[in-house]
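A, B, C and D are the chain letters, set down in written order, and residue numbers restart from 1 in every chain.
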């Protein structure tokens, strides 16, 4: 197997065809494990070895079951499925056997709930590698991330004798909704890392640009609130009901009134609200899907506490049962200057990179920050950068596609980083 | 064709198998028309002859299209389908040619969105006439109403020479949600009626009872409100969004605060609320399904006006587009004493009736009241009564079934009424 | 002292000059006690003998202190002031010493917060007996009630040998705001009564009419809610505040959303809301003055419980301290038929009464109902009637005055009642 | 008259004794005019010469009338009172007659609603110059500003022959609540200024410090909203009311839900809410006193527009009349580098200044910014700085007093500035 663009494109297109939503990436994980096993120099960790179930966010059993069934139908390797214990994602450990640093690299593997365009202009259609599943699509580009991760693994296998220390390649599930990183962080699997690196393709950067230092990652918590009241006939006995929809509406109005924070930016959004059973029945159930954000972790925690307080108060005011569930979270993170400098240097060595940006306000949230901060809290250094690549449409849009040439650029940046840190 | 229980049960079971939801009763209407045509003495009115499209409530095109397609698949008579012009229901006119009164009788024909139980104990399963369509079931007993209507038609055909005046048998679509009567009333088709009668099977009365005078029909209006805002990224640019979910939540809290009315009972219920597209997007769409009620028409109109005012105000406060749609309505009605007395008298003549109740607080809404009041407003008299029948479960429940023997009781009451008024 | 109109008018005008607001009727009470003592046949009960402090509603210490100071300034009898122990009102017991029934009659004694008109047309101005205190006026007519009570006492003194059993004449403080009756009821002072009677002058009835059976007394509870939060600079540190005004606003929106009751009429009104300290400070205090009503006691209790629940929930949602205070209450009451018949009979015996109405929907609340129901709960019978009297303006208006001739009619009705029950 | 600390202290203490609240500074203005006139080289502008009535914010007629009456009682010069035309404040123009720049200096003159402590430790008490009016106090230190302004005027009079160009000394009314500057700016009186300077004493800086460049002035708008509904009996006819209190409560909950702005900080506070007339009356009136802030003018305007939109929408939803009044406003402003440098330089020349801070986040609002930006918009340069001075308590506290020695420092800084710009 040669480490060239041809091989990378082959991988990318295979994964593009079988997109799997967060926590259902059974086929994806098993294929990654297959390839890693073939390389012969990685120990493969799966299931509860890398996932702490107590910190799993936003995982629905129905989604898991469907994913597992699909994976079997697609011919996933039963050996891996069993080792996964119901939890997707894997970590590949390369141990050089020589003293040295430990590097953790993170690549996310889930798709999004988008139906891929059927336009004949769309390259995946032209070339026959479009998603086989309506409603699921690698429209965020995580297929490129998987591919770059495998490319790095292949390079390590081909250069293993020149390396010292260890490399841990983390294939993370459920990045969308910032759901998967907490469970991996809390498994402790990367606690020994001296360096952590991760990246996203495209985003705000075209082919030729690397953003070496995005800053202003927002801390965020994704929360579901569910109310359970009591139905009653809306005409004959409204007083016997316990109105979950009304409770939910008041929750929304209270949530939007959470006081702004004097020390930094806050955000609140109730993105989805579903309540009630029928027009003439006092509504007995309601669900709110919301998120809060803060300029830093403390401010985000302030917002989260206010949400919890409001849900509790509402449940008393309206005499409805309630539950809150944290279904995702990310934190703010500052890239370490040592790694910023290295990525700048490496980027400028790539012939196709002509623009390195070291001060970009990200103003969004990324699950990788939980892993990066975990490494930093254990004394290591972390970076998250953006790998420019032209794209045909916005992320999460049905027409999304990206410049496949940058797969090789991505692999080169990571392998240069490994080389500089471990050679 | 004999007018006996056997024939009635045959009809009832045929219609029970093919339940059709409001405004999609194409097969049902065409079968009714077939039977009426066979009787040879009815003029059959369909489509815009009996439906004023301006007053059609809660009719979704997708439901209509599906219903029409199904009807064709089930072999409905194309002749009738064409005459229906997309609107279900029919009115059969018997004209004796002799001077006399005009009586309008109303039978509703739609089913509800319930999936019929598959329990082998359930008689429709045992006897093989359960609904062929999951999600649709004659669980309110309107199949009995159709049957009684056809039974009355058969009796008229057999007794036509003894009768004077006219009979109009109204087979009304979309009673559920009180949606269909307004369009029929506004077509003018029963404006010449001297008498109007309608009834419901079972409800609160078992076999052996007739409730000759239910009172306290509530006026009600069923309203949908839809808001359309503008999506925006909830983290980066919340100020660019126009939040339809937040608008909807405030609508709910305002609606529940509509002042009680000093002159009588009011009700408000937002039964269903759906809003938002995704957790991290400022929600751009919301829909509320609600109803108001009032002790009388004026109070109900007060409530309806308040709702409209609130929706308008909210659209300004939140800079969102809005639309309101009246999807159903019923009014209060007082039964006329002449007809109450007649139904009491007739009921007591039925050997199987041993209990006639003439003072029952209905405290609910019925679409028939719109037709009854229309007749009263044109100088006629109206009644709505309840025909007792044992049932196996509550109305709208998957296990609902009723005592088929009462089909014949029902026919007898109506035909006695016709005889007393027109003979 | 003759029991004639002249004497009654003298009393009425004296009390009219010195109006005292609820719980401050120290001068009024002491004058009543003076007159009763002079009559020589009454035992006089004051203070905690007739007031259970635990059930005193809506009594502000500042008002009490001011009232006491005024009373001293007006020359009130110190003996009575001391026995009052800070609580106004008195009960006069006449005990015939002979076996017989016990009758309780109730007359309320407080004024309202209205400034009496200075118009020279207004008889109290013409005749020189207008209120000496701006902001306080007997504009509801309770001066007539005091007078009738004293007239009845005078009659008893003059007829004491002809009577059996006992009469308890209750001069009740703080009827306005339905605040005083509960404390008297809970003192037990009328628990032995076989009959209870009370009345109001004028209201909806002119001279010549008696309403013998007003019905539809509404149960009501008057509640204050106070929130205490934490101030903070609204620009620099809004997150450090705990917003009592926002809590109060949400309380209002939740209160108005309390579900209507299927079994009868409900009412909710937040009549007054005051909150906040300054424009640029997160508001730390808020007060709501509200009332609920219900068609009967149970429905009113449902409303009251919902209010309490909402206040509690809000305090949690907004992290503010709260307190609720019941500052008034009245219940529904059904007049007993025996007493209705008696009042009808007696009224028709009065030459100046030409109209007796026995079915009038009161649709308001009266503190006397608490005393009437207390008597009924102990096996006695109760009535509340309306004594017609022409008036010059609405109750609680600055121009209010009434036909003084009806003072004698009032005395005659009560004394006839006593005579019929105790002679 | 010598320009020394003694004279400055005399002035300060005189003004401290007669504190006047915004728009009522008639005595203060007339005294300032007296002193300026005595100096002999100033043209004095008053009334509509310096105040554009269309942009007067938060001026209540009752306050004006009271202030005018007080001023007369205190012996204010009638000549000035007449020229003021009801509007306080004055502008003193010094014209050297020689070509040169024009400098505008602004000093605010109003007090705050605080009752000065009666503690004998408090120097104004010890020295006998405490406020003569309970409820009014120069507790923000504007008495020092008046004094410094007069000191600068005295210096100009003594150095008038050495100067070129013009100086306009603006004695501004109603700075508290950011109410007075807009009317002065819109009069055009300083449109010809090349330089604008203003300052505040103490704040966050002790004796020895000058903050040469406070930044992050928040734009703010102070708004009153008033609703007028219709009263009705809360028990008998709630539907006839138009509930202004309920409208106000919903306004509060909507205001707090105004979407945060993606481009910078926002604030909203409803600081005061008063509504309703009585517990059992549907409330017919309500007033909200609120403020919004924004990181810059555009963001503040976004907030202001949202407020207006909400008030309008609410008035429709609740069928109440409404009015909104802008009672104060300030904008953000960036100090000009030329003037920052000059103030730094000058400050370091003062022996008693040992600390010059050129980067301080102000994070509050100041009326002077409206004047500064007006000058900048006409091509001039502006600065607002902070003159350190030890204080005994926080601004707006009853125990507030400041280090009077800094009066002279203040005069020296301004006169150095004038000298450097105009000599």
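In this section, a contact is a pair of C-beta atoms (placed from the backbone, for glycine too) under 8 Å apart; a residue touches a chain by one contact, two chains touch by 3 or more.
Quick caveat: nothing in here was measured; it's all calculated off a predicted structure.
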If we look at chain A and chain C, which chains touch each of them?
B, D
Would the interface of chain A with chain D count as same or different, where same needs over half of all numbers used to appear in both copies?
same
Count the touching C-beta pairs: is C-D or B-D ahead?
C-D
Where chain C and chain D are represented by their mean Cα positions, the distance between them in whole Å:
52
Averaged over CA atoms, how far is the centre of chain B from the centre of chain D? Could you give it in whole Å?
68
Touching two or more other chains - residues of chain B:
233, 235-236, 238, 246, 250, 253-254, 256-257, 260, 267, 282, 363
In the complex, chain B touches chain A at residues 177, 218, 220, 222, 233-236, 238, 245-246, 248-250, 252-253, 256, 267, 269-283, 286, 289-291, 293, 363-365
Listed in rising order, chain B residues that touch chain D in their complex are 233, 235-241, 243, 246, 250, 253-254, 257, 259-263, 282, 302, 309-310, 312-319
In the complex with chain B, residue positions of chain C that touch it
253-254, 256-257, 260, 262, 265-268
